[in-house]
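The same subunit A turns up in both complexes below, where it pairs with subunit B and then with subunit C.
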Partner chain A sequence: MFVTDIRKEFYEAVADQRVALLVASDIDALCACRILQALFQCDQVQYTLIPVAGWQDLGTAFLEHKDQFKYFVLINCGANVDLLELLQPDDDSIFFICDTHRPVDVVNVYNDTQIKLLIKQDDDLGVPSYDEIFRDDDEDEEGGDSGNESDEGTEPSGKRRRFDEGSVERRIERQREKREWEARRREILFDYEQYEYHGTSAAMMFFELAWVLTKDTKDMLWWAIIGLTDQWVHDKVTHMKYVTDIATMQRHVSRHNHRNEDEENSLSIDCMRISFEYDLRLTLYQHWSLYESISNSCYTCCHFKLWTLNGQKKLQEFLADMGLPLKQVRQKFTSMDMSIKENLREVIEESSNKYGMKDIRIQTFGVHFGFKNRFLASDMVHATTALLESTEKDENETDNFIKALDSLSRSNLERLHSGMDLAKKKLIAIQQTVASCICTNLILSQGPFLYCYLMEGTPDVKLFSKPMALTLLSKYLLRAFIQSTRNKRCRLLPLIMAAPKDVEKGTVLVVGIPPESETSDKKNFFGRAFEKAAESTSSRTLHDHFDTSIIELKTEDRSKFLDALITLLS
Partner chain B sequence: HGLNETKSEQRADLLPSIRLRHCCLLRNQRCVGAYLYDRLLRIRALRWEYGSVLPANVRFHMSAEELQWFTCYKKSLASFMRSLGGGGGLDVTQDMRPPKSLYIQVRCVKDHGELEIDDGTLVLLKKNSQHFLPRWKCEHLIRQGILEHVVH
Partner chain C sequence: MDPSEVEFLAEKELVKIIPNFNLDKLYLIGGDLGPFNPGLPLYVPVWLALNLKQRQKCRVVPPDWMDVEKLEEMRELERNAATFTPAPCPYYMELTKLLLNHASDNIPKADEIRTLVKDIWDTRIAKLRLSADSFITQQEAHAKLDNLTLMEINTIRGFLLESLNCMYKLRSNLQPGSSKGPLADY
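Let's look at the complex of A and B:
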């Protein structure tokens, strides 16, 4: 069931209990977790934090802890599957689920006792009504009829025949009705569960809880902003939703900023200041050189087509048009001349308009504490994602989770900077891979979708054995492909990418993303498609990830799996 | 030659060497005494550091008499603590420095298995799990290096 008063039904219920937090591995979940941890610390609620990377981890974690905890809080996992069926808990376990995955499983919505959804009942949830999916069995009526029949056995045969005919007709009518209802139910459920998409950020939900409790701090606000920005960076929500949520966050930012500053008591320079920024879409540009940022940001790279010689020339023209000397542009941003940095955003926006890049600027937030430390929300997202999915040796997933979680604190700046270095390497790797895929025509049209397979020897392919990195690569690749292809039909196709995941086990990671368009609603049907294709070809797949459009597949089964998908989606 | 024998035999010329040796023996005795006393002080400090059960590698380096002394010290400290607080007892080995908070955030560095906390419930300490627990339950585990205090 949906929780209506998050303070009473959730926070006050767990405040004097011990809670287990099961947190998924994405930045929004990490931010939500930090906000909740801060609240629990404030109110001394004892908890245990367990990172979970997929359904198997979730199951194991639950089994290990079910005897010790009654209350479980699941962050960014658990809403899109029948949780009680999956975990088989005891009757007194209670699950609070704050998950952005949609559609929410109908059993979770209509369970009144054990499942509490910390999700807003927005209009776009579209949950089918109770009567359309659940129905008490008609056994009583059937029993009544047969009872009647046996009773009527004592009556004269004429009457009995009449009653028999009547009851048989009624039974046939009921069975027909039931079949119709079941067919309608299947259709409704199919429509409801066909497309996978994402809802409001979990970090924002917990920030709202903090606000309702009037325990919100600037740190929590910043984490909520990072959670929201993560949804934008990884293209999980539509632009409209992002802008609406930014407006909500902007109200909170103004509220916090007006609290402390006035003429006499200005804040110390070391205090945290969050500000609304209408800033450039150039990834990590303030921590890199402007030139490298332009060359490695998806937006600019795709618009200029920087994998072609022509594109490189256009970039030089663009820089010349703005009057930026190459020497300045290639050095670290912080060392650029002040005169250039002053109006940089406006200058770039003006020139970008000339070159067809209408939205080079995006609404976001930045934070600033101390003299040296300024970060944009997207910088934090890229850095933390790189830490979370780091493929350095001797690091397992939980180590990375802990490192990424730590990097969100202001006191862990070296970790954040190391994350940014990793993020830069990842971005460069992505752009190089995109360039090589386009130049060597590695993207094939299979009819209903585009397909690209990264072979084992490809440079940096290890980076793409992680789901978020591979998804980011796919999105960039699709955008680049759309810019480079002449085939109009191909521009509307979705993309499936595969990259080797585990060389020893011989598996590949397969990711499906929806087609790219201005008005895309980001709804992804590959989850169901992958399931059906795997079933029909009995391919050995592992649907472990919380996003159903990301699966692991045995390398040998690749071709038959693809063939099944093609038939399914044609 | 004992001192008395020397005196009785009128061998006065041996007196200085006897005295010298005697002084050396006394000095050695003082050194050994100081050493043993220092060990005792360290063993006493161990009770405050490790709690009432010493790890095996520490016990290995203690003699039987020292172990006995430790047990007596433990008992005496325990009876002292029991007598505090109006007969209710007070554990003075907890909170050696004034604590900043009742509960602290800890991260598990090694697998430790289950930990029982005050209300009888168990917490599973698995590597890399994070917990928010009462300070007094975690202190000895932090000292042993199983848990790590997370400061933000």
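Let's look at the complex of A and C:
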């Protein structure tokens, strides 16, 4: 059921209990977790933090902890499957789920006792009404079925068989009705569960909880902003939704900024200041050189087509057009001349309009504390993602999770900077892979979708054994492909990307993303498609990830899986 | 004594806070802490004030001496006087550090205050060093210093005692026929 008063029904219920926090591995979940941890520390609530990477982890963690805890808070996991069936909990375990994955499973919505959804009811859900899916059948006189989810109504009508003409007709009528209802129900559920998409950020939900408790601080506001920006960077929400959420956050930011500062009593330089910025879409440009940032940001790279020689020339023209000398542009941003940095944003916007890049600026937020530290929200998202999915040796997933969580606090700036270095390496690797895929025509059109497979020996292919990195690569690749292909039909196709995940076990990671378009609603149908294809060919797959469009597959079964998908989707 | 011990002792000082919660009177070993009512200021020890501040349960009011004009005056007095003037507060250095690190959003002009307090500290420590230097070189027998705070005493204590010990060793070794002998080692 949906929680209406988040303070009474959630916070006050758990405040004097011990709670288990099960947190998924994405930045939005990390930020939400941070906010909740800060709130728990204020009220000295005992909690245990358990990072989970997939459904199996969730199951094991639950089994380990179910004896000690009654209250479980799940962040960014658990809403899109029937949780009670998956975990088989005792009757007194209560689950609070704050998840951005949609569609929310209907059993989770309509369960009144054990499952409480920390999701706003109007958050773009479209849940079918109760009567359309569940049916209490107590009209049947002949001891027929009762309760939810009636099966095919061919159960024998019991021992009290009456040889009454009228009643036989009525029975046939009821059975026909039931079959029709069944068919309608299947259709409704199929439509509801066909597409997978994302709702409002979990970090924003918990920030609202903090706000209702009047315990919100600038730190929590900044984490909520990072959670929202993560959804935008990894392309999980539509542009409209992002802009609407930014407006909500902007109200909170102005409220915090007006609270403390006025002419006479200026705030210490070490205090955190968050400001609304209409800043450039160049990734990490303030912590890198402008030239590198332009060459490695998806937006500019795809528009200039920087993998071609022509594209490189155009970039030089672009820089010359703005009057930026190459020497300046290639050095670290912080060491560029002040005269150039002053109007940089407007100058770049003007020039990019000439080159066809109308949206070079995006609405976002920046933070600034101390004399040296200025960060944009997207910088932090990239740095933390790189730490979370770092593929250095001797690091297991829990360590990465803790490191990424630490990098979000203000006192761990060296960790954040190391994350930014990793993010730069990752971005360079992504651009090089995209360039090589396009130049060597590795993207094949398979009919209903495009397909690309990264071979084992590709440089930096280890980086792409992680789901978020591979998803980012696929999105960049699709955009670059659309710019470079002449075939109009191919531009509207979705993309399936496969990369080797574990060389010893011989598995690949397969990711499917929806087609790229201006008005795309980011709804992904590959989850169900993968499941059906795996079933029909009995390929050895592991649907472990919380996003159903990311699966692990045995390398040998790759071709028959693909064939099944092609037949399914054409 | 460790500087952190001095800071621990400083945390017993009282500071004014404005809580935002309700609680009855607390009876602790060190004394009673008055009933907490939202919006009504009261005095609590610094350790409790910082804990409540970190849990967002109160607002800290800066002490009277933590004001830019007063500190500027004190700095001028300190620079002009030859001996030590009375310090703003017996634990001014520790309180400044604690309050400005944890509650700087409640204290106006926090950066200037930090600079002023550091200036006062530097002047006093310079005077202390000069005084210790002359005490040692002129081999005086006793000295009297007023208006020193525990933190300043603690800073000079190690050096002063060690150097006096060394001087004593050297002097006792120079005297002929000393019972300890020329190669005595401590």
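Some notes on this structure:
In this section, the second predicted complex is superposed on the first by the 545 of 570 C-alpha atoms of A that agree within 3 Å, B and C clash if a C-alpha of one lies under 4 Å from a C-alpha of the other, contacts with A are read in each partner's own complex, and residues count from 1 in each chain.
Criterion: contacts are C-beta pairs under 8 Å (C-beta built on N, C-alpha and C of every residue); 3 or more make two chains touch, one makes a residue touch a chain.
Here the structure is a predicted model, which is why all the values come from computation and not from measurement.
Looking at the shared chain after the overlay, A:Ile566 reaches neither subunit B nor subunit C. By the touch criterion defined above, A:Thr398 reaches subunit B but does not reach subunit C.
Of the two partner chains placed by the overlay, neither subunit B nor subunit C lies in contact with A:Leu86.
Contacts of A:Gln41 after superposition on the shared chain: both subunit B and subunit C are touched.
Using the contact criterion defined above for the overlaid structures, shared-chain residue A:Lys215 touches subunit C, although it does not reach subunit B. Of the two partner chains, subunit B is the only one touched by A:Asp67; subunit C is not.
For subunit A, the partner touching the most residues, choosing from subunit B and subunit C, is B.
Of the two partner chains placed around the shared chain by superposition, subunit B is the only one that A:Ser409 touches, whereas subunit C remains out of contact. In the overlay built on the shared chain, the residue A:Val461 is in contact with neither subunit B nor subunit C. Where the contact sets of subunit A with subunit B and with subunit C meet, they give residues 41, 44. Contacts from subunit A toward subunit C in the complex involve residues 41-44, 215, 217, 260, 264-271. The touching residues of subunit A, when paired with subunit B in their complex, are 18, 37, 40-41, 44-51, 64-65, 67-68, 398-399, 401-402, 409, 411. Within the complex formed with subunit A, the subunit B residues making contact are 101-103, 105, 107, 117, 121-124, 126-134, 151-152.
Interface residues of subunit C, counted against subunit A in their complex, comprise 55-57, 100, 104-105, 107-111.
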